[in-house]
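Chain naming follows the written order as A, B, C, D and E, and within any one chain the residues start at number 1.
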């Protein structure tokens, strides 16, 4: 169960950035996995160079956000108005580009990142054994989730962002510089993906194709949870994590099958996902 | 003499690009060496399979029909290798591979296909028998197995050995081929309190399993054995600290001091400045076998090359190796390695010491091969 | 707003015919040429959904995979005649597409896309999980080529001829469909679904029918591909395949069916060429996609149209 | 009066959006070949009622009878075949298709299953082509027959919007604010057109322009808060104090008072 | 003088829509811009607000030149446009729609808005997209007020509104004007225009073709007939 929740938290972290971009900017971002990949590799690189893990993690997330912001400002803002088709085309292109760049820069092999000092090892309580780092990740993600929820649902910012996604022109008429808002949101969403990558590196290591898997999980979580809903990303993330852990013991080959079956069922039965707003 | 062409169908792009890259390097070494030795031009042609059987087959078909290539050495993934083997048989060419699927020299064997890597049976036997001997107290075993033919093969062989030795398989976790998260399986495993955790998956999944097992502190509580390690690449990706104390079964290890291996190590270091890993070495020896056979046969005519290979004994990378005529399986050593502590490493690649080596093979009949 | 000459059905068919005739002249590989025609069919079928109905489906790989599995299973295990297997592949493709389509069109926009993505994953894992039927990760091997007039089509170019006949016939049928009341209604649905329903069209039935046709053609092509290559691998049903089909279609453009032929050819030729010159060619592909989205939103065909309009000097053309 | 005198009637029709009751207890009886208008404050549920009548939303209670036939549980597109058609409050056309094609499709919508045949040519349905031509003629759109609908001026688009409803030869035609956004000139024209349509169709329309409503309606239904407030001739409605208070106010209707 | 527009030219693609529009609005004044469909009324408002970038000409607000600036700067300078499509954010609730418009220094608060349009308060948790047409119109005007503009431009503010609401809105617009906000009004409803405005402009073919004070305009049925097609 704790495994499921741990996994779920990880999935939430993966999905939340996507939900921000996908739900609020109405933008289908297939490059999300690539930002996650980049975050993980930057962390790996920095740690290899002897940097403190925490610093590496923060720096990686910030760099990913900056890269994403630049990508948004240079490329994506030209295509918001086009149909989804082009969003997909461009972001798939960017994802391929980043993935291949990672291979060129760091080689195709991948590597491991050691958990930071103090979070190495396990916590033992009787029969119960759990890695410290995973516990830390659950706690960290929980705090992050609350902070994000507050920032996006309880502040005007969230409303502004959503409004901007619907009509940049009208936001302009109300005195908002939507171009900048979009860039910031996109950067933040991608930065979260980068952060997820950084956090995951000590658990999963890094390898050039980790982004693809992350992307498909993130999609599942966002869709089940409901587009644009943080609560949805959280609940769906945990749900998917727990289901996957449970299935793993009952019918392992069918675990993924069940998740996608569940996703299809949710979209067919609940139009907006579990927590999506109308 | 005219140009001798060898096709190297390996994944150069896509998920297994790392292997493809090294394989291509190994093939070039073999070709250069042969060209010098035989005084004739020998060239390798990289065919990017993208790791997809359909692409692999298309490239091989084209190479046979359009470029008149008759010798192929490559194929990293089971699915692509099986398909290419069939294609070479159809198209009149020969193919040798290092892929893991036992069907290649088993139920799906054919006259055009050869295989250098030791099948699952041998891998398991050579990995776990030495451990059983070294650790008489290790009674309870737990396995983690990918659910498909390859994993089943390893698991079956494991069960047989354990039964024979009167040891207990206290549990097994199957997982899907795309799985990345093993915490659930590992928790199950820990609950059974095994003495040995035997990991039967390979590649990136194996790395994930190990990483997560170590983070769960399992290394301190039990012996961890990987039956089918991918060699140096894997150690590099995992790092010495993580690997320390874990046992790895391997097809090849660069410190082996037998046969052609010292020569290959020297050559690789001279040309590429690295130690040969499994992908490179496997591709080198496969390519070399093909070239030598064509040279011995006097042409790359498929029948003649086949005849030259069947039953051939030669000095290989693991010492004396031979090609079994009945199923085209190369008989060679399999190694059990134990990873060293970082402090004990002599150089940056000296991750492990060889604990034991040896050969175990099913008979061609037991493997299920009938060459038509 | 009249139709450009180059978009007229006869010209389109002529272009398809010209492609069939030209490929052998310029390509050394009959397999690559056959593959181009097969993917051209698939992209055109995808275009029926994307361009004509406005449905961005990530499910095309499902039908492709189903087609190749049908060929693999019934040719190797049951030895049924090729024509029967092709009919079965087509029908099963249509049936599964009807199911997938019918379920997916209950949602719109991004959710529709996500549903098709979910189905594509679902079918992938189905194929993976039920390895007894599909051969799992190894796929199905030894799929034979058809025998025509007592002659097995073992050489690449003889199979190309076979593929070309199929291609032209199906392309003509699809062309006809786009010009029919049916096709014109699809365009209306794409333009404004709410209005189409309000004037009496059962929109879901039309979308589902579009899926069925698209799935049938795709599955047929999948069976051809299995015979061409001799294997029906798991990779055919992967979502990468769907993604690739979509990319081909989008690169081609969506204002005519031949656009898809162009898109598929361009993609395959470019991929073939790039993968030979640089292992990291996917990076270039990524860049190419970005360029298309930024500068070639009507695809390669849009470019052709523009050149045509300029060359013929006036819009009054046609 | 027997029920067959009514082209369209509803009994206790109600619609809820979630918990919100947008329409309740609506009894309507629209006599054949009359012009019947619906007025009421914004949000009174007028458009919602149209949605229910055309099947866009499913009623939560009550029933709908069209030409003596219960259509409550019939799908939206099928209702067209039973003789009901509508224009939208917010213009809803096929913007990239030519005007003629818009109308051909609308005419074809009467026999939609025929259109499902992928081999039948669109031009083979002569009746639909003729209808399209007639409607264009009547709405003075023939000149722009080949222009994409999206390029038309607002007034032309509004006319085409009405034309889309006419093209299926409905017995009952529903128009949601047909004059919204129209210039004074166009409004006069629309007024004439609606009056004209009332000769051979049953017209039900929503309008805020009292100049039209009071001039051409045979009957007016006033709605408020999802319910019927008053129903009657223009004179009765105009005189009703409750209507004056809730809706008409000082009657700033478009002309200088 | 608050707003001064001089020789404004605007284009959609190649079509030259505004061909030298000039008009002025004084502090606290209500000025209309009338004209037939397609005359360029909305385009004029958009060009002033920066939603359409004018090709040529001068727009100045209290002496500060605004032509060519991005919309958000112009909005910050105190120009607010209520567009003809109302521009409601359908993903936001009514209240959120209002909240994002709030600006410090505005004379109106959300509470004031609810007092003026009680209907909005009743529907405040509704999605903007679920409002009836009239409710959307109210919301759009309400939002504009919350930004506290110096110049309010209304594009057909009473279109599709029930007569009582039209009354209400006319009253509100009067109050707004009385509070010192200048108003540039585009409206088909002449009664509304004459009830509110101090001066009238009629635009034809992208130019101001007629200009008159309120009382003059009411007397001049000829001009109304000629430019607006109103049969006297």
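As a working rule, contacts are C-beta pairs under 8 Å (C-beta built on N, C-alpha and C of every residue); 3 or more make two chains touch, one makes a residue touch a chain.
No experiment lies behind these values; they were computed from the predicted model shown.
**Student:** What chains, if any, are shared contacts of chain B and chain D?
**Tutor:** Both chain B and chain D are touched by C, going by the contact rule given at the top.
**Student:** Select the chain at the greatest separation from chain C, using centres from the mean of Cα atoms.
**Tutor:** E
**Student:** Taking each chain's centre as its mean C-alpha position, how far apart are chain A and chain B in Å?
**Tutor:** Roughly 36 Å, centre to centre.
**Student:** I'd like to verify one number: the distance from the centre of chain C to the centre of chain D, where each centre is the average of its C-alpha atoms, in whole angstrom.
**Tutor:** Centre separation, chain C to chain D: 42 Å.
**Student:** Can you give the whole-Å distance between the Cα centres of chain A and chain D?
**Tutor:** Taking the mean C-alpha position of each chain, the two centres sit 48 Å apart.
**Student:** Please compute the C-alpha centroid of chain A, do the same for chain C, then give the distance between them in whole Å.
**Tutor:** Chain A and chain C have C-alpha centres separated by 32 Å.
**Student:** Which chain B residues reach two or more other chains?
**Tutor:** Within chain B, residues 17, 21, 176, 178 contact more than one other chain.
**Student:** Multi-chain contacts in chain D: which residues touch at least two other chains?
**Tutor:** In chain D, nothing touches at least two other chains.
**Student:** Note the residues in chain C that touch 2 or more other chains, in rising order.
**Tutor:** Within chain C, the residues that touch at least two other chains are 125, 128-129, 280, 282.
**Student:** Could you list each pair of chains that touch, in label order?
**Tutor:** Touch list across chains, by label: A-B, A-C, A-E, B-C, C-D, D-E.
**Student:** Would you tell me which residues of chain A are touching chain C in their complex?
**Tutor:** 22, 26, 28, 75, 78-79, 82, 84-86, 88-90, 92-97, 99-101, 103-104, 216, 219-220, 223, 227, 253-254, 256-257, 260-261, 263-264, 267-268, 271
**Student:** Please output the residues of chain D touching chain C within their complex, sorted ascending.
**Tutor:** 54, 56, 75-78, 80-81, 85-86, 88, 92-98, 101, 105-106, 108-110, 112-122, 124-125, 146-148, 164, 167-168
**Student:** Note which residues of chain D are touching chain E in the complex, please.
**Tutor:** That would be residues 17, 20, 39-44, 46-47, 89-90, 153-155, 177, 180-186, 188, 208, 210, 246-257 of chain D.
**Student:** Note which residues of chain E are touching chain D in the complex, please.
**Tutor:** 36-38, 84, 119, 123, 126, 130-135, 137-138, 156, 159-168, 170, 188-192, 194-195, 218, 228-231
**Student:** Provide the residue numbers of chain C that touch chain B in the complex, in ascending order.
**Tutor:** 28-32, 35, 125, 128-129, 131, 136-139, 141-142, 154-156, 225, 229-231, 233-236, 275-276, 279-282
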